[in-house]
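Below, subunit A partners subunit B and then partners subunit C, in two separate complexes.
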Partner chain A sequence: MSSTFPPAAAVAPPRPKIAHDARAAGRDLRPLLVLPGLAVVLGLFCYPFIYGLILSFEPLEGGPFANYIAFFTNSRLYGTIGTTLWLSLPITIVNVGLALPVAYALRKPSSSQRIITTILVVPITLGTVLAAEGLLSYLSPNGWMNRALLDIGLISEPIRLLHKPAAVIISLVITGFPFAFLMMLSYVTGIDPTLARAAATLGAPPHRQFMRIYLPLLAPGIAITFALCFVQAFAVFPSAVMLGAPAGPTRVISLAAYEAAFEQYDYSLASAIAIIMGIVQLAVVGAVLGLRNFAYRGPAASGKG
Partner chain B sequence: MQAFQELRLDHISRHFANHAALRELDLTIRAGEFISLLGPSGCGKSTALNCIAGLLSLTSGQIRLDNKRIDVLPPEQRGFGMVFQNYALFPHMSVRKNIAFGLEMRGVGRAEVAARVEKALKLVRLDNLGERLPGQLSGGQQQRVAIARAAVIEPPLVLMDEPLSNLDAKLRIEMRHEIRRLHNELGLTTIYVTHDQDEALSLSDRIVVMRDGVKRQEGTPEELYARPQTLDVALFMGFRNVLEVSAHPAGPGRVRAETAGLQMEGVGEAPVGPAVAAFRPDDVVLTDGDGLPAQVGQVEYCGRDWLADLRLPDGRVVLARSHLALNSGEAVRFTVPADRVRVFSGDAAAA
Partner chain C sequence: MQGLFASPVAQKAWNTTLFVVMLFFLLNVLAVIAVVVVNSLGQRWFGGWLPDGFTLRWYSTAWAEFQLSAILVVTAQVAGAVVFLSLLVGVPAAYVMARLRFRGKGLVLLLFLLPLLVPPVTYGIPLATVLYQMGLGGTIWGVILANLVPAAPFVVLVMTPFVEQIDGKLEDAARVFGAGTLTIFRRILVPLLLPGMLSAGLLVLMRTLSMFELTFLTAGADSQTLVVALYYAVFAAGVRAPQSTDAMAVVYMATTLIWLLLALRFVDPTQMVGRVKAQRA
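This part shows the complex of A and B:
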């Protein structure tokens, strides 16, 4: 840095007196403002990550790769990747797939847009544990849903949804959909509505306005929303334990890591599982963002308007 | 062009909640005409245009293209080309694809689309920029693309919503010329919305001046420039000097206007009583002998001439254009030719 930017005082023409005291002294101290932020990132993100990475190569017994070998040879461990993907990918597709049309339908500012947005913010603020807790009593054989359906006479015996993947899926939609919706809404409303009007005057009926104008402009936003929703769903833990069948069909990867760390006290194996989990997430997110590159990514307004 | 005789707006109105943006507009546009809707912002001119395009539904009234009622059709079935204030070019499509869009929506064959797009590009002088994205073009170039995109579908009507208001002054005059050239070369029928009287005067065959959702006056540019019928139209057409006077009819169509001991003559039908006299700064003539006495106030240099405040003895200010340099504080006398003064009954506050 110092070789490309010689001390400002040496080359700079006379500057206004008040500001730039530090520069005038030959030293610009402003880059130091980055330090607190850097400290937080290094201390709270980089250090734990690197620590975990190293730890994963220091197994309790065996060579440095013993944990990874153990993971990929034990179906109770490597199987969690498939289980988690099998839960999280469909849920993400459902969440984004529902959020897009709903956000599109609500793209014009209106009282219904405000009301629905407000209602959907609530599940996000509750958090997954509370939502799972609520579902636990709502869906239980004696819960509101079954009692109501029984009383109406629609069903003759309670529907059993708890402790099956279905309950996990429902809870992940309840917490994930609002997030996907709010993200999609901000992308949809960021598109200049006169573009669709222009398309209409040029002869495009509503479905073609959507396919030719909105969808291509939304593609990058859909990719980002998908990536963020996927990462959230892939890291599912509370609802898989509380609502699902953690012994089998909803034995997700975060659960395997939890068991390794807090039941077997094998932090090294737990770290390895966490690293593998991160790599799978990165692979999916990378693939989605790679697809995004095929889409137009400039501003979604019309030129200099 | 799709042949048609006329577009008739039959007492069309549009209300938003409890506010009438457009009231009972009655207007006939003949094929080949260039017609401007002129007025300040909020006068209903853009509302009218959007109603014609089908982007807003009518609260009442009808729109007919010859004998076909079109106000019930969605915009994509009306087939009018529209040029938007912010151009509304599709940012993810190349210039060529933008222009081709309307043709593709009409199911025109590929080869013909390519040929017509090429022709349109030549017409707006952008032949070498066909592959660019709109974001890579200047404002003036984007404007041309927007016009080409609207015109290439050969619509019966081209609707333009303040298309020049985002351009700088020099480019605006250039594009103004360009728009009229395209209108003539392509034999378009154009409805043009603007708040700029110069634009309306220079472009139009006919001007409709609007205010508060109501048509105030309709006529050729010459008629509107020389003979505004109401004070608000006069103000909008550049009659910047308004003096409260008392009127005395002086022969057919003539009025003698008196104010604070000063006398002037003007054109109008005002009866005896309070009235206002309006005239342009350009029509003020500085004289040696006769005329109203005044003292020169602030002077602005405008290149060709000077624009000066003339302070009357009672403190009121008249704006005057002068080809001679004036000095602040100088005592002068001025007159305004009687046929350049328009006298309206009522008082200035009503405008």
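This part shows the complex of A and C:
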């Protein structure tokens, strides 16, 4: 993989930049170093997707569109789109809506910023399975939450949250909010604070600094955070099974795909469901990113305004 | 409306509200984690704030019941292989992305971003189908390959700014003295990139340890990592004492959080979510 480099070019003093110029180096083989990494993505990500797409048009029985027809005529299957959207969209709005003001309030480096980010990184690191296991005890009728609410006197008998959509929603907040917060924080801290200070010297009060300086600059970050949070929430799987009612109200689309693949061994139908899942995600992400392009076109996104 | 928000009292009330909401959230997160630890140490816990008494016996029960030693070996093998392989393919690719210009670079960048943006369940099912067709499904190699899909692009994205920070003149100088690309990597780039590789490796390690979906879809009975075994233990609840499942959960937490503690010395927490900032289209 070693590239042969014309020695004359390297010695010649007038053009020292030539070492960076791949074409001038003649046969520069260094771009080939990207190939192993690219092979992983092409072989293990792109190929399976294409394979799955083709497989989804080769159903076990029926014509090429039989899987898709089956999906959209069976309420147990097409209903999962609504169920999953109903779980994931509102909670994404809540997570991002909460993350934005909190990240903005913590934009200056401080000890509280460090403590909060450190605590919030823990649920992300532990993941949904552990959060679900903790919530199984925490939300149970004898759990700490009900006990606290009973002792305060807010409720007279334990509220039942487990094996209902509520528990899945709580788990989506526990793992989704820290993710949204850390993403928003990285965007907020990436904005030059002197911009807001300049606005302040011109007499802008804090809320106007936020509305006129930060918000337009944050718009792309908010859109990307929303898109990523939504896509993750839409793919909710373990907590919907562990905490929810996977037979009915929290039968999410990933569960339908899993059942098709590993319980009915119908990989063709499972691929079709996975493709539909990807299309719905793409549609919502496209809508969000399109909305942000529609709302803020122009140089507002550059940090040098 | 404008005047209302502008007043200092409103500002203070707003900040206090945010503080209370945040405190409430953090308390709940800590309680959800603490309840697992307390339950794993409790003898019996039917009501009341705390169990009747404390014991360590659930840990030995869990160790035997779930064959934790075997699961830990598999987990270490999978995580170690994924970290090693993702660095092996990711660092050279990051070098190319940071240093070179070539036709189709935008497309290559998109290909590296996609596996990080598409959730694992979505591509995990077609991927598992392909792996089972190749006879790798249910084996430890299938689990390792599946986990490489998000890990390798993640290394590329984390390492690219680290490569950019290294002065290109160092490589030029080495080339003047006749060093080939391999020597430059071995003697110049890898030593200078070690801090970055450490961060990237730790982040990949933690992501692999907590990667449920891909491992779940591709693992067989003897290639489960700890988090998948934990899921099955909860799923098959009722057979075993819940405390013993929680003891296993604590073992899982310990193996993950040790690395987190180590990682926080090198890494900014916002890096854990994989910053996509630099890659704005």
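Everything below uses one rule, namely that the second predicted complex is superposed on the first by the 263 of 305 C-alpha atoms of A that agree within 3 Å, B and C clash if a C-alpha of one lies under 4 Å from a C-alpha of the other, contacts with A are read in each partner's own complex, and residues count from 1 in each chain.
Here is the rule we go by: a contact is a pair of C-beta atoms (placed from the backbone, for glycine too) under 8 Å apart; a residue touches a chain by one contact, two chains touch by 3 or more.
Note that the coordinates shown come from a computational prediction; the quantities given were computed from them, not determined experimentally.
Undergrad: Just checking: does A:Leu77 make contact with subunit B only, subunit C only, both, or neither of them? Give me first, second, both or neither.
TA: neither
Undergrad: On the A-aligned overlay, A:Pro205 touches which partner chain: subunit B = first, subunit C = second, or both, or neither?
TA: A:Pro205 sits against subunit B and subunit C alike.
Undergrad: In the superposed arrangement, does A:Thr125 touch subunit B (first), subunit C (second), both or neither?
TA: Touch partner of A:Thr125: subunit C, not subunit B.
Undergrad: Looking at the overlay, does A:Arg197 come into contact with subunit B only (first), subunit C only (second), both, or neither?
TA: first
Undergrad: After lining up the shared chain so the two structures overlap, which partner does A:Leu172 touch, if you call subunit B first and subunit C second: first, second, both or neither?
TA: A:Leu172: touches no partner chain.
Undergrad: When both complexes are superposed, which of subunit B and subunit C contacts more residues belonging to subunit A?
TA: C
Undergrad: Given the touch rule stated above, what does A:Val96 touch, subunit B (first), subunit C (second), both, or neither?
TA: neither
Undergrad: With both complexes overlaid on chain A, does A:Cys46 touch subunit B (first), subunit C (second), both or neither?
TA: The second partner, subunit C, only.
Undergrad: Touch test for A:Gly278: subunit B only (first), subunit C only (second), both, or neither?
TA: After superposing on A, A:Gly278 lies in contact with subunit C but is clear of subunit B.
Undergrad: For subunit A, give the residues common to its interface with subunit B and its interface with subunit C.
TA: 205, 301
Undergrad: Residue numbers of subunit A touching subunit B in their complex, please.
TA: Those residues of subunit A that touch subunit B are 192, 194-195, 197-205, 208, 212-213, 216-217, 295-296, 298-305.
Undergrad: So in the complex, the part of subunit C that touches subunit A is made up of which residues?
TA: 2, 5-6, 11, 14-15, 18, 21-22, 25-26, 28-33, 35-36, 39, 46-47, 49, 88-90, 92-93, 95-97, 99-102, 108, 111-112, 114-115, 117-123, 125-130, 145-146, 148-149, 152-153, 156, 168, 171-172, 175-176, 178, 180-183, 206, 210-213, 216-217, 227, 230-231, 234-235, 242, 245-246, 249, 252-253, 256-257, 260, 264, 269-270, 272-273, 275-277, 280
Undergrad: Residue numbers of subunit B touching subunit A in their complex, please.
TA: Residue positions touching the partner: 53-55, 74-76, 78-82, 84-92, 101-102, 105-106, 133-135, 137, 139, 142, 149-150, 153, 159, 166.
Undergrad: Within the complex, which stretch of subunit A touches subunit C?
TA: Where subunit A meets subunit C, its residues are 1-3, 5, 7, 10-11, 16, 19-20, 22, 28-31, 33-34, 36-42, 44-49, 51-52, 55, 98, 101-102, 105, 116-138, 142-145, 147, 173-174, 177-179, 182-183, 185-187, 189-190, 205-207, 220-221, 224, 227-228, 231-232, 234-235, 237-238, 241-242, 254, 257-258, 261-262, 267, 270-271, 273-274, 277-278, 281, 301.
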